[in-house]
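Single-structure report; data block below.
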Amino acid sequence: MQKTNPATPRVGLFVTCLVDLFRPTVGFAAISLIERAGCTVEVPAAQTCCGQPAYNSGDRKDSRAIAENTIRAFEEFDYVVAPSGSCAGMLKKHYPGLFAGDAKWEERARAFSAKVHELVSFLADEMGMTAVEAELAANATYHDSCSGLRELGIRAQPRQLLSTVRGLKLNELPEADSCCGFGGTFCVKYSEISNAIVEKKARNIEATGADLLLAGDLGCLMNMAGKLKRDGSKVETRHVAEVLAGMTDTPPIGGRG
Amino acid sequence: MSGREAILGKVRRALGVDAEDGARGDTVEKRLGRPPEGIIPERGQVADARRVKSFCAEAEAVHATVKKVKDHSAVPAAVAAYLRSKNLPAEIRMGADRRLAAMPWTKQKALTVRPGPSDGDDLTGVSHAYAGIAETGTVVLLSGTDNPTTINFLPEHHIVVVEAKDIAGNLETVISKVRRKYGRGEMPRTLNMITGPSRSGDIEQKLLLGAHGPRSLHLIVVEG
Amino acid sequence: MEIKSPTFKQNSHDALANEQLQKALGNVRSGFIDKRRKAADRLPEFDALRDEAKRIKDHALAHLDLYLEAYERKVTASGGHVHWAETAEDARRIVLDICRASGARTVTKGKSMITEEIALNDHLEKNGIRAVETDLGEYIIQLRGEHPSHIIAPAVHLNKEQVESDFRRVHDHLPVARDLSEPESLLNEARMVLRKEYVTADVGITGANFLVAETGSSIIVTNEGNGDLTQILPKVHVVVASIEKIVPTLEDASQILRVLARSATGQDMSVYTTVSTGPRRKSDPDGPQEYHVVLLDNGRSSMLGTEFQDMLRCIRCGACMNHCPVYHAVGGHAYGWVYPGPMGAVLTPSLIGVDKSGHLPNASTFCGRCESVCPMRIPLPKMMRHWREREFERRLNPFSQRFGLKFWAFFARRPGLYKLGTGLTTPLLSLLGGRKKRLRRLPFASGWTRFRDLPAPESRTFMQQWRDRETQKQEAHR
């Protein structure tokens, strides 16, 4: 274990289950960006899931057990960073409540949650990053994932950093702050309604004329990419971290064409 | 057990409180006796000089029409002129308000004034407002023989006379005024706050004027 | 009112297939959202007023018993009558008794969601009393035998052709050749038809946006003026209001009024805000001779002191449903009972049981937009989650869902097994995704793949790749 050098913050990367299982590129992009911001990054092996599926399904017992596992794995770090607004929101805003009434754990959870940040917000708000060294010739649009936007106030930061990517044109997405219809288990439990919502999102995306869709949450991205591809759209989808880190060699989410 | 006892009992049990708790009783008494004012927006604190202008602008924004006159004596002529401009018969329904009664209606020879509450057949009603509210362009009217409430709603067109000096910045000021007039905790049977003519958006969200109340609201501001 | 909430999924399916409804819902999405935004932007103190409104309501609820008693004293002192109704049945009985006592044959009604909740109209009709809705939207749906699909815009799901067809069918005494192609002409016809009802009604029934303890007053807020004509013309005025409508003072009402219309329709103030206190006085030449207030509990007291108490702050503005992606998709009728949208999802289980209405708090993405626009700062998603917790405890959700979740949680709590399992499934899915990098079909995943492709994973998990990278680094150092 490295000693904490006060000048070099130690970041524990909470990679998130979706990134771990579906798109490791995002995890490596996050590491690259965090290191460039002047931190060291470690990836605790004991992490699994933030527990949101159990939490939002009303299973507090399992949520709490998962939370205990997460807190134990990460509380030693200076910062806990996740490339996802919804996972970071879960860790930051909802973990303490899981331990209400348990004085010892509540304090531990609070201390942990205070260190949690979503990736782009961490780079911009905590590390003061104002520009990236990246290049991508593309006509892009950006979707605001709900948790990131409403729980963590993420809106200006990704737009600001994306504006410094050479060659990247950013068009505002109509109703950018409108839900994409993912909602975790909602998209399969109420699939018809989810489809109706993501269809509206897909129409808005196409209306921008963009060829690249970006967002900060893989759940939203997989949902929107899956819809666009089913509709035969040529729009490509990536996580914002991939573009900011200049790691766009991997095929886009859901492939090309 | 009566419904009353049952409900109050359930409420107290749910809140975990005792009916005899003196401290709670004091809190309630205090708030009712000295109501805190709350937040008055800047828009509601416009200084005297600009208040009339603010009032007129807000009223016009919600489709009321506004005419300013120098003093009371000009009101009947303004009413007659309004009726002519809308091709309405020269007939009005009016209450017993002394301020209205003191105006020179007889000078308007063609104008018929029908006294009393509206019977539902009036095309135009005339009221004198108790107060105006600059924050929202609202007129405040009190029930009674002076300005029967039915005149506010039954006629097709409503003309309201409001004195510039009665235009308050905000509703809270009017509430205090009403308290002084009627006594703490007392009210007239009806206090109407009217902001523009009747409207509805119920058909395809299209805004239309003249739902059930008056189709038009004409405000005559007496600068005095 | 028949409860159709258990068939929410089928209701939604039908709603999504209903082209005319979908077109009408487009109006909700664009109209209400922009108007509220403009009104909020125009008032710098708007957010501070929301906080104040929350404080006022919390204070009132914490002292509800005392304010109810104070309110009753003032109503009685001003010559009015207060009736206490524990249940919907009690309320119906009380209102019917009042109507019978005055020999009522026709009753006019101002817009009141509470009277929908207690199914008052049906009860009156069954007992030989005609109940005529006077709010234009309510009148229109009454002609169709429908219930409101939105708590402030009851007919938002209809287009003008449908309204024309209903008017022609019901107003058969009017000339067939008349032109009803424009909303204006429909409005004029309704005005004319309802005017007759107003002046002949024996009893007028309204709800109340606020009950003011300080003065014993009821406050109604309308744009049409129908509520006023309902309450001043008949001999008897009956107010039906649930107990949480109480606010302490007129100033308190004014504070909340500032956020009500802005949140609902984007107006700074509704056209008619009316404060009524008791029956007519000696000095009144018009107004009702009798004034009755029916205070309804119907489950409110059961919400006090629980994790659902915050819902009692609701002022029925409709902002939540105006901003809800689920409501935009399926409209109000799909929710199956009186209250739709996010507020309906939280309130309905409290009133009719979560066993009948469990779908409502589950059919949410927790996007949080409702909470972000609620003028009373009600944490709607949080309370929907509480309902999901209650369902989980009572094992009300389908077995397959519970199993799936327990399966996932089992692995998520055991990092070693988790890595083992995911280390196998990810490469497999990646293989199935092929060159296209996506799957059109996948067993057990039809909920997803019915409408979307499933993006395929990369060939190995992050943890696998990370472990390899770290191992390589260490070997490079040797």
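Quick notes on this one:
Note that the chains take the letters A, B and C in the order they are written out, and that residue 1 is the start of every chain.
To be clear about the criterion, a residue touches a chain if its C-beta (ideal position, glycine included) is under 8 Å from a C-beta of that chain, and two chains touch if they have at least 3 such contacts.
These numbers were taken from a predicted model, which means no experiment stands behind them.
The chain with its Cα centre farthest from the Cα centre of subunit A is B. Looking at which two chains touch through the most C-beta pairs, you get B-C. For the pair subunit A and subunit C, the distance between C-alpha centroids works out to 32 Å. The mean-CA centres of subunit A and subunit B are about 53 angstrom from one another, to the nearest whole unit.
If you average the CA atoms of subunit B and of subunit C, the two centres end up 30 Å from each other. Residues 9, 12-13, 16, 325-326, 328-330, 362-369, 371-372, 385, 387-393, 397, 401, 405-406, 408-409, 411-415, 418-419, 422, 425-426, 433, 435-438, 440, 445, 447-448, 450-458, 460-463, 465-467 of subunit C touch subunit A in their complex. Of all the residues in subunit C, the ones that touch subunit B in their complex are 24, 27-28, 31, 43-45, 48-49, 52, 56, 59, 62-70, 72, 74, 78, 83-86, 90, 134-137, 140, 153-156, 158-160, 163, 183-184, 186-188, 190-191, 194-195, 198-199, 213-217, 223-226, 228-229, 232-233, 243, 248-252, 254-255, 257-258, 265, 267-281, 283-287, 295, 297, 301-306. Residues 2-4, 6-8, 10-12, 14-17, 19, 24-25, 27-28, 31-32, 35-39, 41-43, 58, 62, 95, 116-118, 120, 135-136, 138, 143-145, 148-150, 152-154, 171-172, 175, 185-206, 208, 210-214 of subunit B are the ones that touch subunit C when the two sit in their complex.
Contact residues of subunit A toward subunit C in the complex are 15, 17, 19-25, 27-28, 43, 45-49, 51, 53-60, 62, 65-66, 69, 146-147, 150-151, 177-179, 181-198, 200, 222-223, 225-227, 229-230, 250-251, 253-257.
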